[in-house]
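To start, the structure itself, in structure tokens.
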């Protein structure tokens, strides 16, 4: 896949010396990270390394205790108005889909646009259908999530986030809960999304995806960013020993 | 030995071994599978025989269904004297509601099923239209029962009694306690310490004291807490207490429902930028209430049974009507018949409700897959 | 203006503001209630005072576990009532537990008929209000049992009549100390023996029938002492004197009816809890236990019951609590419990509704709170360790 | 959606029954009905018949007050109360009158802040036993089980009497008369004690009344009468003069049969004229009653004697203390002037 070379260098996410603790446990240590508009970043690392926590801090699902996070020029603090603004600009896709089981696929997609963005119902539904078409499941619109396969559910979840017309998309291990034959359909959707120039932060172990799409790959361990590099260098000559060990473990099985 | 090539489907279906299917097989498996099992069966049969023999004789064969008085009953036969019921069945059902106006109660209760149907059976056809009726029903029922409007004769609370009173207390109690229970459940799950503490205190207090003491409060002390001159009818005061009492239990049921919702649901809603009330309205409550319906029905059954306690503060529910009947010279001494009749009424209605709750639970289980 | 909007927009300060508003309304509401009470009491010429607790009650109580006389105070009458509540709750809980567990197990029995009978029994009892159970049992006891003069006697020492059940009362004489001593020794021995056997099994794998050995030691040691010391226990046998039996231990029809009604009603709920608790254990647990070669009795004792207990005990405790609260319906048949003494006759004689009901409610509340505290402690203790 | 509907239900559930800021009489008139608190069931005094109408001696008094204030004896709502709940129900404003064989005592009058407006039945606590027991005096009741109706003065009288005579007994406290009756009949207790009137009422309800007897000892004074709340003197006066009017009517020979006739003509006895509205009664307007109030009471309910005969004679209760003063009883009526 051809990489998108003409990206603006406008930073959309700036994280500076950010720390986070769960009780006494220091999960994130001195994280500094900048993401430019249109950049695609893949975060990998062993389980428990804090990568999920990191991206959850970006839309304040987790509250960081020290340092700054600035998203779209708005600083994340306890201010509720700012939070609302950030959350409608940042979409998130979860490992376990988290679709609302009591609503149809269409209702899942229109709920937030109608109530948070205050779109008229008709407009919201049109937008939702358009995005469902984009993730290739418009025919499932009136079904309930429980009636869909895992891959389909995850694609609905992506469409649901896109309905808020976000500027940034966060993916938290979007394929880990899926059967192998469904991983591809989700990854394809994500690749298509990447081609539209969306800013994406993806926590995943799918190294194929990283090689294909990512502008840069981050390796985390024990709450620290160990290494950040473009995919070619990251996979071919990792600098850090821990990165080498990690790559040898996940690539050689 | 000639080699046989196996082809799928070529082996014939054989009948099962004898004695494992059919009536005989069923009896053998379920009643006489071992020595201890067989003896249990025999004991049960003997027990049942004596029970049924005694009961049928007293209940039906030797019973008297109509007579002038207890003495007249005893002259006819020595079984149960159901005349105390048949002669006063109107009182047992309607209390002292004027006879000419009883059709109003009949209509109210018949339409009640129509009003509840869309809430209790989600798959009912034309649900939406019925829901409008349900919303309108409380006013309809209130006007019809109380009167005073549209040329209907006004009826005083003190004439209410019998099963009608039971149903009114139960239904009003549960309908009023649902919103309060929901608020309490949300309060108990709230991050705000003050709100949480208040909800916990209220819930634990109501669940900690016997209902009878709350009814005493309703009957004797509630007025002290209101501005001088305020005067509620005892019926309203009792309904208030029932509401508080069952709201505490319903809050706990709904809290269970809320806790059963996976954390991911809230995270997804957060990520979409919803605020607390939007999350509560669109995500938490629809899911929590659906899970809690069987629990709510069970709470209702409990409340419905507890309405008998109002007899202690002098209201004439079926039990009170029964006791008033026993105070009548003619029927004195027929307590077993009276109590059994009331017990039977409660059994039939509560059993029906618990079957409904069971059906719903199974349905929810299959829905979830 | 911006200052206030900033405060309102901040997560933390918004929470604090909301809580202050709630507190303000709460304070206003409470003071409104207090003002109303004051105004009403002034209009009626009443006051709030607990002095009535110390004036003579003036009425008699038919059953007391501590000495009581009509000249004792209302406070003492209340304590007598509280003890009576405790007594009936104690008997009721024992009956409900035994019956409930038996029914729960019969419900799961492979015998279709027995299981059906248990099923209908449970349905019949739990769908009829407890008050009716109490009234029906009371009616049955006083209407079907004979007058004391025609009492049913079992061996001329135990009597059943509509005045209740009379059984002989053991009276201690000199020399009884030896029996107590032997009992204490037996219990201490059992504890050490159990520990010893456990250790022995851990080390060598040898298993002893510990339960049976300890059981017989605890039973027989006091019995031996009883004969050694020359049988120092005599029985006071109830006898018909005047209108009633006198002497012996007596269970009044009200206590009996209440015990039966509460026990039988609660047993229906306990049966369901026990059944659900056992069914809640995954079938795979039994299969796994059988596949490693455990005997059926060991499967039950070592695998199923420890897990089922965790599921059963919390709802069981709340049933016990319900039973205790339901015992307040004693008032309907004239059993003198807490509600009938302090919240009944005392209230009525003194006209102190506010004070008496406050005391009664606080007592029930503290009982139920301490039970739920215990339950929380138990839950946290047995909680499965999970990720 | 659902929550909205439920809220609608709540609004319907909150039903005010009006307030009592106005005078009691105005309240009753505005409502068009008198609220009267009566017994849950005591033969002869208050019990529902098979048709659901309350009848009895106490019920008659409610009817009389309704006749005097509203002109129609049927305009009464009956609220039932047990011995325990009656005072609180009255205090809570659930009725304007408590007409439920209630004993007039100092503490009830003063401490419980109620107004006893007179005595309509002189009673005393007695004991009923089955004749087969062979007891001739209350002093022979040592060791007996005694059924008591609670929420009354009964348990105090009993404790005092037995204590004074050093007799041991086993009290069985009961909430209502109906239950006490059941227990006594089933032999749960040897003795039933309550007001003698109640004992006679109970006895008559038995299959064989002659198998039982009321012991000669009357251990207390129980003047029974209607009660109203403290604080509305006008209302207390109305209720007390309704009671006196019924007794005065008996004294003057006015009955429900001849009251219309007497009211129409000029009687020699000026007291009759004043009572029946022929001659003006000073201050009647202060009570807020119409001139024909007593006519309404007597024509619709009857005089004291009629009510007594109708409800209490069937229980074999004799007039005794409850006769008029001139017949040797205790009822002495102040002059109607």
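Should a chain be cited, it is by its letter among A, B, C and D, assigned in written order, with residues numbered from 1 in that chain.
Keep in mind that, in the parts below, contacts are C-beta pairs under 8 Å (C-beta built on N, C-alpha and C of every residue); 3 or more make two chains touch, one makes a residue touch a chain.
Keep in mind that what you see is a predicted model, and the values were worked out from it rather than measured.
Asks: In this assembly, which chains make contact with chain B and also with chain D?
Replies: Both chain B and chain D are touched by C, going by the contact rule given at the top.
Asks: Report the chain ID whose CA centroid sits closest to the centroid of the full protein CA set.
Replies: So the chain nearest the centre of the shown protein is B.
Asks: By mean C-alpha position, what chain is farthest away from chain C?
Replies: Centroid comparison gives A as the farthest chain from chain C.
Asks: Given the two chain pairs A-C and B-C, which is bridged by the higher number of C-beta pairs in contact?
Replies: B-C
Asks: Could you please state the distance in Å, as a whole number, between where the Cα atoms of chain A are centred and where those of chain C are centred?
Replies: 56
Asks: Can you work out the whole-Å distance between the CA centroids of chain B and chain C?
Replies: 26
Asks: How far is the middle of chain C from the middle of chain D, if each middle is the mean of its Cα atoms, in Å?
Replies: Spacing between the chain centres: roughly 42 Å.
Asks: If you average the CA atoms of chain A and of chain B, how many Å lie between those two points?
Replies: 49
Asks: Which residues belonging to chain A are in contact with no fewer than two other chains?
Replies: 80
Asks: Hey, what residues on chain D touch two or more of the other chains?
Replies: Residues 88, 91, 175, 179, 182.
Asks: Among the residues of chain C, pick out those that touch two or more other chains and give their numbers.
Replies: Correct list: 43, 139, 143, 331-332, 353.
Asks: Can you name every chain pair that touches?
Replies: Once each pair is checked, the touching ones are A-B, A-C, B-C, B-D, C-D.
Asks: Where on chain B is chain C touching in the complex?
Replies: 30-31, 33, 37, 40-41, 44-45, 47-48, 191-195, 198, 204-205, 207-213, 216-217, 220-221, 223-228, 301, 305-306, 308-309, 311-312, 319, 335-336, 339-340, 342-343, 346-347, 350-351, 354
Asks: Which part of chain D faces chain C closely enough to touch in the complex?
Replies: 83-84, 87-88, 91, 107, 111-113, 133, 141-145, 150-151, 155-156, 158-160, 162-163, 169-175, 179, 182-183, 186-188, 190, 230-231
Asks: Quick check on the complex: what are the chain D residues that touch chain B?
Replies: Touch list, chain D to chain B: 1-21, 33, 35, 40-43, 47-50, 52, 77-82, 85, 88-89, 91-94, 175-179, 181-182, 185, 204-207.
Asks: Show me the residue ranges of chain B that touch chain D in the complex, using the header's touch definition.
Replies: 71, 87-88, 90-91, 95-96, 99, 119, 131, 134-136, 138-139, 141-142, 146, 156-159, 172, 175-176, 178-179, 182, 219-223, 229-234, 236, 239, 243, 285, 289, 312-316, 320, 323-329, 332-333, 335
Asks: Could you list, by residue number, the parts of chain B that touch chain A in their complex?
Replies: Going through chain B, the ones touching chain A are 262, 264-265, 267-275, 278, 282-283, 286-287, 290, 367-369.
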